[in-house]
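As structure tokens, here come the structures.
You will see subunit A twice below: alongside subunit B first, and alongside subunit C after that.
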Partner chain A sequence: MSALAEILFGGLFQGSLYAMMAVGLALVWTTIGVFNFSHGVFMMLGAYIAWQLVELGLPAAVAFPIAVVVMAGVGWILQASVVRPLIGRPNIVLVVVITTLAAGSLIENGALTIWGPRSKQIPALIDGNTTIGGVGVSLHQIAIIVITPLILAALWMFLNRTRLGLALRAVAQNEDASHLVGLNVTALYGLAFAIAASLAGLAGIFMGGYRFMSPVMGSDPLLKALIVVVFGGISSISGPIFAAYLIGFFEAACSYYFGLYWTPALLFGVLILTLMVRPEGIFASRSRGLA
Partner chain B sequence: MNPILTVEGITAGYGRVTVLHDISLEAGRFGNVGLFGPNGHGKTTLLRAISGLLQAKSGRIQFDGQDISGLSARAIVGTGLIHVPQGNRLFPDLSIADCMALGAYSPRARPHEAENREKVVKLFPKLAERWRQRVRTLSGGERQMVSIGTALMSHPRLLILDEPTLGLAPKIKDELCASVMDISRGGVPLIVVEQDIEFLLELTQQLYLVNHGAVATEIKPGESLDHGEIMSMYFGH
Partner chain C sequence: MTDTTSPITQIRMAAANPVAPGRTPWKHEAVGFVLGFTMLALLPLLFGDTYARHILIMAFIYAIVASNWDLSLGYGGVFNFGHLALFGIGVYAYSLLTKLAGLDPWIALLASGVIATLAAIVVTIPILRLKGIYIILVTFGFAQLIMQVILSQSDITGGTQGLVRIPGLYWFDHNMVRDAKLAYFYIALALLVASTLFLRVFVRSRTGASIVALRDNEEYAISRGVSIVRQRMLTLAASAFFTGIAGAFYAAYQRNASIDVFGMSLATIILSMVLLGGTSTIYGAIIASFVLTIFAEWMADFGAWRPIITAVLIIGVMLAYPSGLAGMIKSAWNVVAGRIKRPA
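And then the complex of A and B:
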């Protein structure tokens, strides 16, 4: 019983974080067709900005939303500076991998210079612990498990029930036709990056509430998000969401039965198997598009 | 009547390749305009330059007295010049309803959304039956209807159609031609690129033969030619 509860809880929790990260990657890929390797850095920066604001004396309830909004701006600026100028060039996917990787490295080292290497922690969403099914869990983690699906549902509603969301989905499918119905394609690209950066920043705030923060805290979640989008297929945003939870459960089960040591190897085993058997991802249709 | 669209000395291309060489034409003086000519001689490129998808290297485009050369595609949509591109690729994973909502995206078209939707449904009753269906699941003819319907939702003052009947079965093609005639009778001037000369002769009052990225021949009303003459222009003998 407690084994099952532990795996279930761990899976839900890790899955939530991966989903928040992976959705942003997928959003950027589907709309702009590039892979954002500074996505992990967005996560770190969101957490550090929140930490700084709390340090300045703001209550967490104010500091966290501000940090998320600031991250939207950061995403927009990064898109405008290292992605937009390259759109339309040959080999854009590869070029953007390099530019976002470079930008990420600059930001990471910038954070190291500004905030130093000492580990930091930000306040939990909710303090305290409880026991469910014989497993001790923190209320912070439960809050994340509850809040994440709500945010993802809100994103889904935005994409599927609003005209602006419709425009984002349209840009993902056909850029020329989007121009011809009068969409502001450049602004929509910026918006995709802004949303992705906000979600990553929020994931960072979630993580900073239960684990020590460091300037490189985003690289492992980025790696996991990569596994998630490869596994789930990156052509939609629902695929990565389901995949994130599956990977979360898989990881929780692996670390329970085989130990933390073997978990990464098993995860990459799954990744390699997916690439061999179904390279477009298990939940993917064969076209690009948000749904 | 003053021309609604004037193209003056447009030179344009892709990268180092120049496709249009100093091409000039005007539309709207005599009614609808047809463009024809062999494939790969710049008809589509010309339309892309007019609608702002491609920035011309030199030349001037005026729409209803306003200089639109250099404007973004979005700004040009805002003036009411609407371009239906070739090949009805559109938005494969959106529903017809979504496409229609996108067509009415520009602030100019938004107030007319309900009225234009009614027009589209009246013109293409088939679309109403499949309103929630994804575009990728539709037939070629239906997809072309969605393309044209989306453009009508943009409340066009001038509609540009790039080979609307390309690849359609004869029966469906006839239906679509009839619908395009209806749109024209509804008061929207057209510029149509088409390989079917019979259809162009019926629909348009003025024809341009585009060859090697320039206007080779202009055929004004009253100078109507017979099929044989056009064919000989087409094939250059």
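And then the complex of A and C:
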């Protein structure tokens, strides 16, 4: 019973974080058709901005939303400076990889210069611990498990039920036609990046609440998010979300039964098998559309 | 990136110009090749001090890694983001073979190249059916996996601590330590010459042409009997051999191995060498390796600001000159050559 509870809990928790990261990557990919390698750095920056605001004396309830909004601005600026000028180039996928990597290195080293290498921690969403099914868990982690699906549901509602969200999906499906019907494609590109950056920033705030932060804290979640989107199929929003939870459970089960060291190897083995059987991902349709 | 011109028109165009357009005759290239590398071989006369030679040796190593990456990335159009993992495999293969197995350093150097090649063949299997961004994701995952395995097997690999006191190379009775790095300089240069010769012969061969054909018009190339499975595997394997050897040489030269070779910062630097130099040239990547390595040395005084300045510069160059340094040189040369041939 306790084993099952542990796997279930660990899977839900990790899956929530992976989902928050992967959705942003997938959103940018579907809308603009590029891969944002500074996504992990967004996560780190969100956590550091939140830490700085808390340090300045703001209560967490105020600091966290501000950090998320600031991250949206950072995402927009990054898009305008290193992605938008390249749109229309034949090798855009490759060039954006290098510019976002360089931008990520820029932000990472900037954070290192400003805040220094010492580990930091931001306040948890809710303090305290509890025991469920014989497993000790912190309320912070339970808060993440509860909040994440709500945010993802809100994103889904936004993309499927609001005019702006539908416009974003329209750009993803057919950019030329979107121009023709008068959508501001450039602004929508910025919006996609802004949403992705704020989701990553929020994931960073969640992570900074239970683990020490460092300027390189985003690189591992970025890798996991990459695996999630490959696994779930990058061409949709729901695919990566399911895949994130699936991989969360898989990891929790693996590290329970085989140990922490073998988990990445097993995960990669499953990934290779998936790609050999279904290169487009297990939850994906073949088209490049959203949701 | 599919070419819109119909295949038949392309064939007609090729038939009209018997000399392949845009291709340097091999004799011209051979002269330039010999001249260029002779100049590099004379550099120790100019730079006597150990430190300047060290910078040049590092530039040679980076040039090997970057130019081999250009083979898979530029010519093959395969976005192999695990290329630095092949380098890392070379580093660790050499270290473990010499340190634990007690193999002769030169044999270990060759063996590291072979091991990296085998690893490249293994990573090709999952990406055979994939395209573009998916290849990036899988190869990136592959690189991270190799790193995780090395980290987790810390009993053998030293984990995050890395390995120290790795046996260096030797050259008969020559003293490798007290020659101001002269021997290592020439070994590195010899490896770069061998690698560049191999790459240029490869890309100019029929196989090289078929790889470019697959990149530019996959359906047509396949219909003409080019096997995508075989060629893709060949491309990655060919790009891995000297990369692995460069890794082994790096370990032998530095006398230590660390997990940093798998890090994003090194991958970013090397990738920017490939792109800054201009893809599908081989020489561009080599020139850019020299430029960036020496530039990084200039900025040594900036300390923590160095990676920040480098990142800004990479972004700036990529935004301003998409075809890279080789493209700039080529177009300048075309202008000059055009004036000589057809006086206005």
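Here is the rule we use: the second predicted complex is superposed on the first by the 291 of 291 C-alpha atoms of A that agree within 3 Å, B and C clash if a C-alpha of one lies under 4 Å from a C-alpha of the other, contacts with A are read in each partner's own complex, and residues count from 1 in each chain.
Definition applied: a residue touches a chain if its C-beta (ideal position, glycine included) is under 8 Å from a C-beta of that chain, and two chains touch if they have at least 3 such contacts.
Keep in mind the model is a prediction, meaning the values are calculated, not measured.
A.B. asks: Of the partners subunit B and subunit C, which touch A:G128 in the superposed model: first, second, both, neither?
C.D. replies: It touches nothing on subunit B or subunit C.
A.B. asks: Would you mind checking which one, subunit B or subunit C, touches more residues on subunit A?
C.D. replies: Of subunit B and subunit C, the partner in contact with more residues of subunit A is C.
A.B. asks: Quick check for you: in the superposed arrangement, does A:P85 touch first (subunit B), second (subunit C), both or neither?
C.D. replies: A:P85 sits against subunit C, while subunit B stays out of touch.
A.B. asks: Is A:G57 touching anything from subunit B or subunit C once the two structures are fitted on A? First, second, both or neither.
C.D. replies: A:G57 sits against neither subunit B nor subunit C.
A.B. asks: After lining up the shared chain so the two structures overlap, which partner does A:G110 touch, if you call subunit B first and subunit C second: first, second, both or neither?
C.D. replies: The second partner, subunit C, only.
A.B. asks: Which positions of subunit A sit in both the subunit B and the subunit C interface?
C.D. replies: The answer is that subunit A has no such residue.
A.B. asks: Name, in rising order, each residue of subunit C that touches subunit A in their complex.
C.D. replies: Residue positions touching the partner: 1, 73, 79, 81, 125-127, 129-130, 132-134, 136-138, 140-142, 144-145, 148-149, 152, 264-265, 267-268, 271-272, 275, 279, 304-305, 307-308, 310-312, 314-315, 318-319, 322.
A.B. asks: Over in the complex, which subunit A residues touch subunit C? Could you list them?
C.D. replies: It comes out as residues 29, 35, 81-82, 85-86, 89-91, 93-95, 97-99, 101-106, 109-110, 112-113, 219, 223, 226-227, 229-230, 234, 261-262, 264-265, 268, 271-272, 275-276, 279.
A.B. asks: Contact residues on subunit B for subunit A in the complex?
C.D. replies: Listed in rising order, the residues are 51-53, 72-74, 77-78, 82-85, 89-94, 98, 101-103, 105-106, 109, 136, 150-151, 154.
A.B. asks: Enumerate the contact residues on subunit A facing subunit B in the complex.
C.D. replies: 163, 166-167, 169-170, 173-174, 176-177, 179-185, 287, 289, 291
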